[in-house]
Amino acid sequence: MYRLISVMLILMVGMGCARNNVETINIAGSTAFQPFAEKLAEEFMAVHPDVRVNVQGGGSAVGIQSAQSGVVQIGMADIVTLPKEAEGLNSIVAAKDAIVIIVHPTNKVDNLSLQQIQDIFSGRLNNWAELGGEKGEKGEKGENKSITVVSREEGSGTRDSFHDMLLKGVQLSPHALIQNSTGAVRLMVQSDPSAIGYITHGVVTPDVKAIAIDGIAPSPENIHAGKYNVVRPIFLLTKGELKGKAGEFIDFILSPQGQKIIADNGLLPVK
Amino acid sequence: MEDKIVVKGLNLCFDTHHVLKSIDLNIRANEILSIIGPANSGKTSFLRTLNRLNDIISTVKITGEILLDGIDIYKKDILLPWLRRKVGMVFALPVPLPRSIFENIVYGPRLNGVTSKAKLEELVEKTLKAAFLWDEVKDRLHLSGTKLSGGQQQRLCIARALALEPEVILLDEPCSGLDPLSTSRIEEALYELKKQYTIVLVTNNTKQAARVGDNVAFFLMGEMIEYGSTEQIFTVPHDKRTEDYITGRFG
Amino acid sequence: MKYRENLIQIGLLLTALSTIAILFLIALFILHEGLPIILKVGIKGFICGSHWSPQQGHFGIFPMIIGTVWITIGALLVSLPLSLSCAIYLSEFSTTKVRAVLKPVIELLAGIPSVVYGFIGMVVLFPMVRNYFGGTGPCILSAAIILGIMILPTITSIAIDSLQAVPYSFREGSLSLGATRWQTIRMVILPAAKSGILSGIILGVGRAVGETMAVIMIAGNSVIIPGSFLDPVRTLTANIALEMNYATGDHRQALFATGIVLFIAIIILNIIANTIARRGVEK
Amino acid sequence: MLKPIFYEQVMKRILFIGTAITVFILFFIILYILKNGLPVVDLEFLLSSPKDFGRAGGIFPCIVGTIVLTLVAIIIATPLGVGTAIYLREYTREGRLTSIIRFGTECLAGIPSIIFGLFGFVLFVVYLGFGWSILSGGLTMTFMILPTIIRTSEEAIKSVPASYREVSLSLGATKWQTIIKVVLPSALPGIVTGIILGVARSIEETAVVIFTAGSVLRIPTSLFDSCRTMSVHFYILAREGISMENAYGTAAILIITILLINMFAYWLMHRLMAKYS
């Protein structure tokens, strides 16, 4: 009888503790950093079973807004310069991200100059033959393969960074196809032999070919050495200093272990 | 008098349900044949074999022969529109198509290629008069057919069938939903019509059969029990079941 | 007893008013979020402007209105011949058994997520369009084909229902007057089922106008006024879903304002549908 | 005489070709998904959690998410929808109020899902502070499927013969008793159709769910947890190119789910019809 009661008591206390101790951390924003955050959350929860980390995408704007409004404790943003809305938020650079230009693997072009990139994305240059690429699939008709430009949507952090760092004020061609995620851009490029687009370095797969800019290839060595410099920061935004588990989570991200996870999956660590 | 329609060994099944069982029947020209019998005895199904309206239902199976003026109407190369124009039909419930009185009547003739306005107008007047409806609707021919009263609708349907200039008219309990006055109007019309047409009338009302029919066929459970002149059937029926039915002892 | 009945009646009235409340709430929120930018840019500038680059302060959604219209018309051109012939055939010519099997199958397709259609469009349709028509793949044509297929089940299923709702006696009446089946269909059944079929088509148009995810995947999303059916376009819905993730400030308001335009377009479409339906009833 | 018949034959052929093309396209889509998807589907796929953002493992949390989200939507939408239909058909005469309500319903039915998404995001996620959660998603979905349920229920109630009501009232039942005991049972098959359509809609919806319920890939433990439905999972897997096999597998499960729901609905409808008519 005593045993039964004590077992029940222990169970109740256990359940009570479990309920009391489970803390939820909500984090949302940048789709570019989302997979990394998920991975980091997974590792963090393995060490802290009493914490639940909910990772949402939504985009940098959502990250900023939801951090500002308190819907989440941590917002993620991947913009070169933070907008006005982010004023008053505490920003921490969690990682850096290289942006690479990708083409179809069958494309003969390996290298583009900054000028060529600007010409292509603004629509002034419209076929691969002029860039040393091969004649189009429809070669029998004698025409050159035109270039399909794939870009991100207005407002996207990746797009803004790309514009800031490479286009430098040159207007994007209105005929460019617009896709709203990194994966979608890659999918578009891998399915169209004449396409060109840009994505973050971390998600390049063998289905697409990353090309060099002014002779510098986006190889891990070049990126780490700082030679390939099309790189943007990824911010974690919080409302004031975070305490408790959320603070621990940020510390974990910045710790050598967290930074290693980031580096292993294709982003640049900050430390 | 010559036989207009000859039915020989007619059987009809819906799926596994045997609805008509070896019917043999001759219908003479310019007579009114009434078919009587209790519900579910196959009267309507029989009527609908005469213009092949049962064919719409995909599960129906028909064997036997029906000759119209000596032509087998179940032969393969019979054109159904041709047959249905020769054999007009009026249904139990009046079904004016959702259009005006005028358009209802000229529907058939138009399909037949009659386009002259004068001729169509003449046809409308003629048929409406024959159906005893002209006086009631002549000023509102462009009113929707569905706005008429039940009895008027049924006479409109009769007029519509007449406009096809058929040779045979099938009537499926045409007075079932009507009041006595409308009924007598229709009976009056039928009496006039038989001078020109052969009429087959299915009715639940034995008195009506006695009033208008020249000959009567009594159907029971898919079989034709007895056939004879109206006078004979209603005075000295040969079969006990016929007698029971017309005297109201079962039904 | 009387008291209870009254209580029930009031309860049900409140329930019934909930749809109006929801509609009102939606309108309120979207107007609240989107109206300021419309007032700032001006209604004409917003609707007729053809330059959309919100971060530079250009808010013109005219290309997207055109894009939406083209894709919707294209989808109808693809869908109508197929869905109507399918509905008429299944309702009037096929056997009951075939209809009983095919109609649920067609309705099943209405439940397949639009993203699946979009993805099949990318994988199967793009190469076909590139090979047979040229262009890059994402374009009005691809979007029209995929949307056309997506609204097939809706239109077909409603059209079958309306055709079947035409009283059987009309068919018998017409056939017994010597009409062929096709004449019966053309002159009696289609006119009688007209309002039902039309409301099905309008529902289909509504779905085509409102479709988002599939369109993002296959229309290309370029903000240009298309010159041919091989040009990529962006629709109003795509505009919202594409840029919402990253939009802030005026940009975000402009997306809500796009929603207002869409909202009003749908309301107008519904008023048209309502009028048609009412005319059908009066007849 | 021959011309119309020839014409009929021609039209019949044309219609047949149109039907054949339609049916071909529809079967192609179903078979394409099943062919690509079924190879990865097994019990493990159904019952295990995804690993590595869904690149490996199963889709169990998505199945749970889909079911829970749909249930929330249906549980709220059904009483509201049926109640509205009862009010429109039984408690009021046709007039300005009914036509306004009906017009509102029609408009609600036509509003693009993306607008519901925006609205749900602003109202539930941000304004009311539910965050991305099953509750936000379910409530938004409720609004989306409400018009369907109202419309089908109303049709079903309308088709209950007036004589049933008269008989019940003449036997001394109150209006409400008549509705509960006579009208609703006869209208049940139609109401069930509406609910099934609503279920199908909430299963297939993607944009709204992402905006309001989020896309967290974990088994939800409370209504305030975010969840990921199968449609969203398919979208993310396919769109981000994470795993084509698992994307198709998810799509195959979706199609089978919808098929089962439809079959269940037909079965239920036949049973109900056999019972009540």
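Residue numbering begins at 1 within each chain, and the chains themselves are lettered A, B, C and D in the order written.
Here is the rule we go by: a contact is a pair of C-beta atoms (placed from the backbone, for glycine too) under 8 Å apart; a residue touches a chain by one contact, two chains touch by 3 or more.
All of these numbers come straight from a predicted model, not from anything done at the bench.
Q: Write down the pair of chains with the top C-beta contact pair count.
A: C-D
Q: Most remote chain relative to chain D, going by C-alpha centroids?
A: Most remote chain from chain D, centroid-wise, comes out as B.
Q: Counting only Cα atoms for the centres, state how far chain A is from chain C in Å.
A: 35
Q: Let me have the rounded angstrom distance from the C-alpha centre of chain B over to the C-alpha centre of chain D, please.
A: 49
Q: I need the residues of chain A touching at least two other chains; which ones are they?
A: If we look for residues of chain A contacting two or more partner chains, we find 57, 65, 184, 187.
Q: Which residues does chain B have that touch at least 2 chains other than itself?
A: Touching at least two other chains: 81-82, 111.
Q: Which residues belonging to chain C are in contact with no fewer than two other chains?
A: Each of 180, 183, 217, 241, 244 in chain C touches at least two other chains.
Q: Take each protein chain as a node, join two nodes whenever their chains touch, and name the resulting shape: line, ring, star, complete or other.
A: other
Q: Mind giving me all the chain pairs that touch?
A: Final set of chain pairs in contact is A-C, A-D, B-C, B-D, C-D.
Q: State the interface residues of chain D toward chain C in the complex, per the touch definition above.
A: Touch list, chain D to chain C: 4-5, 7-8, 11-12, 14-19, 21-23, 25-27, 29-30, 32-33, 79-80, 83-84, 86-88, 91-92, 100-101, 103-119, 122-123, 143, 146-147, 150, 174-176, 200-201, 203-207, 211, 231, 234-235, 238-239, 247, 251, 254-255, 258-259, 261-262, 266.
Q: Using the touch definition from the top, list the residues of chain D that touch chain B in their complex.
A: 1-2, 4-5
Q: Across the complex, what residues on chain C touch chain A?
A: Answer in residue numbers: 52-55, 122-123, 126-127, 130, 134, 136-138, 216-217, 220-224, 231-232, 234, 241-249, 251-252.
Q: Under the stated contact criterion, what part of chain B meets chain C in this complex?
A: Listed in rising order, the residues of chain B that touch chain C are 51, 53, 56, 58, 80-82, 84-85, 88-89, 91, 93, 95-98, 107-108, 111-112, 157, 160-161, 164.
Q: Can you tell me which positions in chain C touch chain B when the two form their complex?
A: Contacts found on chain C: 95-96, 167, 169-180, 183, 187-188, 191-192, 283.
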